[in-house]
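Right after this note come the structures.
Common to both upcoming complexes is chain A, partnered first by chain B, then by chain C.
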Partner chain A sequence: MAAIGHVSGLRRRRARIAWLCMIPLILVNLLVIVGPAVQSIYYSFTSWDGLSSAHWVGLANYVDLVQDPQFVQGLLHNIEWTIIFLIVPMVMGLFGAYLLTMIKRGRALFRVIFFLPYVVASVVVAAIWQRLLAPHHGFASLFKINFLGDTHTALWSVAFINNWAWWGFLLVVFLAAMQGVNPSLYEAAELDGAGHWAKFVSVTLPAIRPTFMFLALMTIIWSFLVFDYIYILTQGGPAGSTDMLSTVLYRAAFSEQQAGYGAAIGVVMAVISGIVIAAFRIFQRVRRWDV
Partner chain B sequence: MTDNVTSRRAFLGLGLAGAAGTGLLAGCSGSSGAVNGSDLQIWGAFASQDIQAYFEKEFVRPFNQKSPVQVQLSAKPSNTIDRLTQTALASGAGPDIITADGPGQALSYARSGKIDNLDDYVDQFDWDSYYLDWALRPCRVDGRLMSLPVQLESLVLFYNTAVFKKHGWKPPTTRAELEAICADAQARGMMPLAMGNAGYQAGNEWYLSMFLNHAAGPDNVYQALIGRKRWASDVFVDAIELFKSYFDKGWAGGATADYFTNLGADLDSDLATGKAAMMPCGTWQIQNLPLYFGDGTGSIGDWDWVPFPPLADGVPDNLFPLAIGQCYQLNANTRHPKQGAAYLNYLVSDPAKQLKALSDVQFEPPPVHFSIDDFPDDLDSRIARLYHQLTTTKAIGYTTWTFLSQQSDTYLWTDIEKVVTGQLTARDYLSGMDEVFTPDLKSGNVPQAPAPMEVK
Partner chain C sequence: MRQRTWWMYVVLICLAIFALGPLLIFVFDALKTEPELSSNPLGLPAHPQWHNFIDAWTQAGIAVGLRNSIIIVLGTMIGVVVIGGLAAYAMSRLQLPGQGAVMTYLLVVTSLPIQLFLVPLFFLWTKIGLYDTQFGIIVIYWAVYSPFATLLMRSFMIGIPASYEEAARLDGAGEIGIITRVVLPMAWPGVLTAALVSALSAYNEFLLVLTFVQTNTKQPLSLTFFAFQQGYSQNYVLICASGVIMILPMLILFLLLQRRFVEGVASQGLAAE
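So, the complex of A and B:
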């Protein structure tokens, strides 16, 4: 009994120490995340111009959002972007990682090569691709298409450039997950006569499901936050064809000096992320999947 | 023993965590203006370190040698200085001397209550006599002087002299002449008008300002700015449709899609190498074009400029849409208001010094009276001609970034892209402008424009 009490007391003491050590981190979190977030929510109900006093306007900003064609267009583009990035880089990352698991020699080299674009600054990547896709000076002149200047191709072109820098990251994460799969599962599948595709579908995918679901969740959230490549390459143009919620927010807050309206857009973006996270949590409970 | 070890470890862990947290919090303090310091802080954005060094040498150190309050210059990136300034002002900080992107932005800063009134210093420094008649008007808010204009700019037509000579072209003075050159240049495989907005979407406002003034006429623009004419009037619809027609014909930037991907540096190079015939642009190009012309650049000929020709009957010749590129303001929280005002005066006064800076590094001078003696002998004759005409012209127009609020101006340069790509008609576009502009005008967010007849 004394030993149990001693262990229990030790656990409580360790928990107290852990909480005490977390206090500075919690304070920083409150200061730089929670505080501004609460402020943003407040300002979203005002007509704040970003400089002078804020005047309460209630739900006016949210009513204007729903009727604002720029906001609706940005939201649709974000949805389109999400669909693209849930499919293209995920499939490329998965298959690339699976192929790399089948080789030993050169695996590390390929991992570095595919990961390299991810570590290059987005400004640099965008500048390089802007030159490559220049209609009269770059290699894109061979295609006689102005990829970034045409309203029909601009969004997909920016997505292509972003994907070029992004998919290597997914590949490296998927590869790490696949390397943790128990080899005996593959042996068992081979004994049952499974080929590569069957092993991939029946062994690899279920085994890496937690990693896959986590990256899918983050891809959706990050897709609604996308800004850098859009802003550097097209600034939302031409004619709003690459406008995202983030560029609409940026323009409202800094060019139009409607910071309150911009805050409302930010709150909507946060709510969307919250809905996505909640959906995954429900998935986790219902399907008992790890996320 | 275990408890002692745990206590020591706990103490060390707390100490480390506390130090890390303190360091993080200290790092979050952000950049501070010197509103609470003993110096005068000014933030500036410069095209190069050489130009920044010139500013320090000519506009900071001489003042500091004679002033008990020292000026501290802090260089900021040109594409973010306004965001940094806005954020700093919103938090009650920011530099003592605020640099605003023109009267529209200066007005919004002034309305925030964070900018000092400069009326007390007008007589002291005789700014009414020093500045051009129209120059201080856009900088007044509710009758009070809230900023000082710097960087007099306009919109003109640049061209390559060798290219024009080769093809027998003369600098256009009418719409017919301009369009004839455009058609001929296009037939020869050249870009008729070097235009584009890649990297700076707001550049649309330059070309819009040209067509609104030179096609609709400055009198009509003035009437719209004071609310006596709707933007959706026929005269403006015609101007915007003319603007769109230049895109449809492939004159603006070579093709509509190309316009959105034409980078400024490429356009400068195209003009210098003869791939583009003409370049309608701002007078700030006097800083960029010399880099692309001359020995070792691969250019042909040299650059020159003419006023953009009138595009409709009744529009005056030699029309210069006026622009104020920047304004200086005094932070209301500065601890040195008198010294700050004295430094503001130092920055903009002395016409000979201003023109020397124009000659040395192409610093655009403020809109002040210049005498012929003020122009240095080594000043490029094209630049001397430009600023002589700008400061003596009687035919003025109105650029959108100087004489509109930021919200109205932003609407103009964002939605015009829908017009040129055929998604929006000119009339619907201008009706939208009325919806944005009218409340702006009513709430006093539109800078005061000088009437054309006020220019003496």
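So, the complex of A and C:
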């Protein structure tokens, strides 16, 4: 009996040490993330300028949101952004990664080159392309278009620039997943006379489905949060044509002294992420996908 | 029955030009004279103007920005590795009670958007005196980057056979001895990867540092560069030169440790598995 007592004492001591090890992580998380996140929910029901005390206004901020043309426009731009990013970088990443699995020489070199733009800071990426797309310089002068200054092209131009720095990341992740595909599956498909397209659709895509679905999910979530490139390149302009939820929030909270309203936008953004994740989980369960 | 692959190389080279071309033009521009920029916008510089880097260094205030970046990146990296490493150790080696709940908590925290806690955090940081301090932004990075680092290091530590640990215990090693002699050496790739990913994230981060560090003598290079680029002296050659200086440390680190980088970043995307 003494031995068992000793073991359970050891186990309790271990459990205590284990929780001691967790303290820094939990403390810093509560302070920075969880605490302020809960506060955000509270402030979203108040009229608050960030300085004086907050007044409870119930759902007023949310009612204002629905009627705020900037918010609605921002939301629509986020949806447009989501669609662009679900298609362009995904296709480029999948296609590039597939080609890399098919070639024999230079795979590592190409992978480094494709990944390089992802390592470059967003402020520098923006500077690189601002110059290349400036109206009187280089490529842009050939087209006679002010890419970032025209309300019709600004959103697409910002998306193009963000994609330049982004698609290589998707390619590297897809490549890592594709390298786990059993080569004999490709050989079997080739014996059946399958071309590249048939192999890609019937072997590659099903094999990397978990990764594909996860990246699609992350793309949707990130697209609703996008901030850096918008803020750096256009600040939401010209004439609000690149405004997103994040830039509307930033203006409200930090230049228009409407912290309560900004908090409400933040809550809406979190709810959107939550709905997307929940929908994904339900979809998984219904289709019985082993993701 | 090998299919022909030459067309694949053609496509891949086109993609490589797309990825690399703008970067090369940027580096070339950094070496040109101001008039040369308009006469020869895309080509090689006629006579490389290396002094552009020196001019950019002084005019953009890069020394201060770089020093601040180093402080912020090192502080973030060390903190994230210690905080995340301890948590990963508890979760993988100490049979942490309530492990499942902790995992769920970490996954939820990593999927919360920054915008949800940004506004109250700003006012909290102002109130407790952490606003506009480097320590303040470092603490925020600890919180934001450590959940991922924890999950990453945990996945490396979980594979260490229990017998190694037991052998060390029989030799009389305590908890610290086990960490330094067994767990750290074996989980080293995971620790290094977590350190690299958090360093890259902190060095390039924009939204949080823009919000939380105001004074330009405290700002890291990303904001120094942003201010210089947005400033009145639109000397594009020097903007390019300072941009090249800004990306150089990460490019060198990436090229030296590229496998670790790619694995670390890919593991962010493969988290589903």
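Some notes on this structure:
By our rule, the second predicted complex is superposed on the first by the 264 of 291 C-alpha atoms of A that agree within 3 Å, B and C clash if a C-alpha of one lies under 4 Å from a C-alpha of the other, contacts with A are read in each partner's own complex, and residues count from 1 in each chain.
The rule we apply is simple: a residue touches a chain if its C-beta (ideal position, glycine included) is under 8 Å from a C-beta of that chain, and two chains touch if they have at least 3 such contacts.
The structure displayed is predicted, hence computed values, not measured ones.
Looking at the superposition, the partner that touches the larger set of chain A residues, chain B or chain C, turns out to be C. Of the two partner chains, chain B and chain C are each touched by A:Leu25.
Contact with chain B, but none with chain C, is seen for A:Gln257 once the two complexes are overlaid on the shared chain.
Look at A:Gly50: by the touch rule set out above, it reaches both chain B and chain C. When the two complexes are overlaid on their common chain A, residue A:Ile83 makes contact with neither chain B nor chain C. Applying the stated contact rule after C-alpha superposition, one finds that A:Ile17 touches each of chain B and chain C.
Of the two partner chains, neither chain B nor chain C is touched by A:Leu59. By the document's definition of touching, neither partner reaches A:Ala198: not chain B, not chain C.
Of the residues of chain A, those at positions 17, 21-22, 24-25, 28, 31-32, 50, 137, 254 touch chain B in one of the two structures and chain C in the other.
Chain contact summary for the complex, chain A toward chain C: residues 11, 14-15, 17-19, 21-22, 24-25, 28-29, 31-37, 39-40, 43, 50, 92, 95-96, 99-100, 102-104, 106, 110-124, 127-129, 131-132, 137-138, 164, 168-170, 172-173, 176-177, 190, 195-196, 210-211, 213-215, 218, 221, 224-225, 227-228, 231-232, 245-246, 249, 253-254, 259, 262-263, 265-267, 269-270, 273, 277, 291.
Listed in rising order, the residues of chain C touching chain A in the complex are 1, 3, 5, 8-9, 11-12, 15-16, 18-20, 22-23, 25-26, 29, 38, 41-42, 82-84, 86-87, 89-91, 94-97, 102, 109, 111-124, 139-140, 142-144, 146-147, 150, 175, 200, 203-204, 206-207, 210-211, 222, 225-226, 229, 236, 239-240, 243, 246-247, 250-251, 254-255, 258, 261-263, 265-266, 268-273. Those residues of chain B whose C-beta lies close enough to touch chain A in the complex are 6, 10, 13-14, 17-18, 20-22, 24-25, 28, 82-83, 86-87, 89-90, 108-109, 111-114, 197-198, 201-202, 254-261, 263, 266, 406-407, 410-411, 414, 417-418, 420-421, 423.
Those residues of chain A lying in contact with chain B across their complex are 13, 17, 20-25, 27-28, 31-32, 49-53, 130, 133-137, 146, 148-151, 154, 234-240, 251, 254-258.
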